[in-house]
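Each of the two complexes below includes chain A, the first together with chain B, the second together with chain C.
Showing the complex of A and B:
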């Protein structure tokens, strides 16, 4: 750690990991409810558990992005953060608002939550992933504005690198597109159309800028490859991400009431979406091959390189398999979508946040990396998490194929109903739950690596002058 | 990468490509927004339908069901439930729909349970109106079959 103010990243990272654990717990509940339908009913109905699972994911990833930004912006700009105090205030505002929202989800029926938070004044609730009460959304906007102000002022004062410029562009885009969550017309198709401006333009648009810049930062630091080379790659990758991803939004506009030209536009452009992820993989591995130093943090490099593979598989390959309109006609809204969602979010965004935490956390604690013993546990946890998430993905894909073959492909009268199909899939759901438990083991191993790191901190390489 | 391909060129692809395709996207959005009223029959979007949509949201129906293929995959698609359960007859559907929601949860052990939402008759009617209206949206012939 070169700059004192980088330390504000710590609470963000710690809180992110805490919420990650919560997300996994609710994932296990959901996996169980798919098999034992009335599990925890009526205390935690499926819709509540799902809302907690997905909202925790979004909240902890955003928390991780903010932590990553506070960590890397001082190093990139070569100056202290504009206001560490503001970063701390915003942390508490974010953490308290987030916690209260989750408590709200779990303690009262959703309709009651909508009523007591005044949803009728400005109705924004009850849409997938945007279930937060309107006041929480306002809170998110305020925190985002404060955060962007703090980071923006820091960048204005300091060195402007491609990495911090791309990062701030991505973060600005994140904030701007979130504003569409306040637009909720009574027309369902208009609502859905602009809902994707938040959801798709986040994860297949501006978030890729954030992902690319964090990855580029880690690669520069760990491989020592010339910044010019890394920056050229970064521009090319995010350029392709936007060229394919913006019109790629069209793959959500096939069957929701939007005009039929989207069938073509969405298919063609989203078919190119795997390309930037493929390039990211080539980028990471060629930088590592051309490395000019041996950084002691092998765990962080494993996270970063594995992130590009899993992102390519999840966002690229699993996106492609159901993105062409004629295929999507049968797979739209099936477990295939769930399979893609799990691997893409894990590979691209979960892994990049865990990669930057892995890189930054030892440095924030005065070490260049964790001890070899701690890294061994951490790398093992990466394998367990990646392999179990792949298993979850394959099993959900199998579930989706059964759904398509039984419920969608056969003619009316022969096709079987939704619930009857679900009964057929139960054995697959059992296997998925086992894979989910294996993933949980991976999470515990990851947490254990922090304990090992603490216990063996005397064997860790001290923060060198060049760190 | 070859030296001939410079950072400047990569930067131009990013800014140029990003800006061009975003503007194209905005232009297509204008066109889409213009034709949507016809495709969704906005002239039939009554106050009851709008109220139904609000009820749909306030009770987080999307947390279990899909609507036009979007949502959660725990419970059946409802974009075509008017056709599947109401045989496209409004009176039949409303009677069925109201009885169904009042009977929830079934309490059958081990089965997926739908919560009791305590909707009154007016609310049940408006929610049904919303689903009826939704089923008439031109969705490019999706879903493939009646089972959703």
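Showing the complex of A and C:
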């Protein structure tokens, strides 16, 4: 690594991977509970397992974004981080608060957790993805402020590039939109309306800025293509992502009590949401084609290029499948949504965090890349994870189609009930569980690549002093 | 063929501006195509709403705006030719382009103010949903176009011409023409087209 302060990225990456493993474990528990309803009941009920699964995802991705920022910003600004000490303090604050929150979810009933954490003073709990106790939310805001201060001061005194400008804009947006999690109106329509300002404007808005900037950074470093070319693509992708993503929020405002014009706004603008992801894919492969160097880290390049394909499929294609209002009328909240959610989060955000870890981790350990043997295992793990996630997505889509055809489309009196439909889908859920296990094998292979990298360290290309 | 000829006569198959920008422009045209297709669908089911909606619009304002944007397209095309010929007039043509955009913005704001004060808004009826949605989205593109043209004109004046100037000026012009093209379709579709 070029700058000593980049080393603070390491604990963030390590903690992110740890939480990722936790998320997968709870994913397997949930997959089993879809088939055996009382599996691990009453210790881990379905609602708790689901909350832990989704919250762990958000927490580890945020942790990965922070690690990526601490790694990327010193190189882009060409100066040391403003305060590595602050980054360490914030890491421990984040890790402790995150761990305590998960322990809280698992050890006491959710209502008790709300009571003991003083939710009645400022009620913010009880909403999907934003289940964190209010004090945890306050902690997240404090960590975010400290993090933005640290990164902002570094950028202010260093070189300003398009990459770090887009990144800091994305991070600022992430912090600002999180503030809407404190707004909890009693009207269910208003509640949902602003809830999406956190959830949608994160994942289909500002997170895309973070994704784009990390991807651009990896491509500049691994392909050696002119920064100007990469930055031009980044501008256009971000422009398109914001044009489609902001008004695309409308696809969440169908049939929830909002005015009818949202049916058109949501349908039209979310129909073009696949385009920035398509552009991202063209961008990545065109940069790789025009590359001016053969970077030894093939695994990082595989993560980055595969990320754009999977993001296009998951966020783009699977998003489009059910985004038009007349379709969404039937598919809303079905397993088709779950299929889209899984592939989109994995393709767009899990893979970009794993891509930057794959690129940065060897450099943080004094090597340009891992040994060829370690990369072989890592690339195999990418294939296993991608293929099994595609299988999960296809199976959940099949489950969703059954659900829509049996439960939603038929007229009243003919349509069968929710639980009866679930019984029909059980064989598909079995297959999904098998695919989930295959994904877990991929995760273990990924972890094994770190062990192989350690064992074959002497075969890895050393990092030049000024590389 | 010498360099001067190459600049004046781009070869066949030459793509003006930047490839990445063309992806963006196609995507933008796709959004407007969806909006126009959506309005066509609603027009089929509610022809009466479209008739009554069109009757309260201001066609003269639309004509002024059409002339403004077409004049802007002429100016930006002349600006690109000036950049190719290394003429200092390029800056002035870019400024003239921005001025035509400002005429459009002023007239459109007056139109919005007039309609809103008469009680027409996004949720008045299906026609006005499309009218405000499509024209405001287009309006934002004109605003962006003016900003882009001004930024580029300033950069051209400050830094002078370099090896990327032709491509950059063509990209700016391509964006402007896209905005113009969309208006030329939107204007008759929303203001005049009957039946």
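Of note:
Definition applied: the second predicted complex is superposed on the first by the 465 of 467 C-alpha atoms of A that agree within 3 Å, B and C clash if a C-alpha of one lies under 4 Å from a C-alpha of the other, contacts with A are read in each partner's own complex, and residues count from 1 in each chain.
As a convention for this text, contacts are C-beta pairs under 8 Å (C-beta built on N, C-alpha and C of every residue); 3 or more make two chains touch, one makes a residue touch a chain.
Keep in mind it's a predicted model, so treat the numbers as computed, not measured.
When the shared chain is aligned, no partner comes close enough to touch A:383: not chain B, not chain C.
With both structures placed on the common chain, the touch criterion links A:92 to neither chain B nor chain C. Of the two partner chains, chain B is the only one touched by A:256; chain C is not.
Judged by the number of chain A residues each one touches, B leads among chain B and chain C. Once chain A of one complex is fitted onto chain A of the other, the partner contacts of A:265 extend to both chain B and chain C.
Look at A:279: by the touch rule set out above, it reaches chain C but stays clear of chain B.
In the superposition on chain A, A:243 contacts both chain B and chain C. With both structures placed on the common chain, the touch criterion links A:232 to chain B and to chain C. Overlap of the chain B and chain C interfaces on chain A: residues 232-233, 236, 239-240, 243, 259-261, 265. In the complex of the two chains, the chain B residues touching chain A come out as 1, 5-7, 10-11, 13-14, 17-18, 21-22, 24-25, 28-29, 31-33, 35-37, 39-40, 42, 45, 49-50, 53-54, 56-64, 66-77, 105, 107-113, 115, 117, 134, 137-140, 142-148.
Contact residues on chain A toward chain B in their complex (touch as defined above): 33-34, 36-38, 41-42, 45-48, 50-51, 109-111, 114-115, 119-120, 123, 125-128, 131, 162, 184, 186-193, 228-229, 231-233, 235-236, 238-240, 242-243, 246-247, 249, 252-263, 265, 329-330, 332-335, 337-338, 407-412, 415-419, 422. Within the complex, the chain C residues that touch chain A are 18, 20-21, 23-24, 27-28, 30-31, 34-35, 38, 122-123, 129-130, 133.
Residues 232-233, 236, 239-240, 243-244, 259-261, 264-265, 267-269, 271-272, 275-276, 278-279, 282-283 of chain A are the ones touching chain C in the complex.
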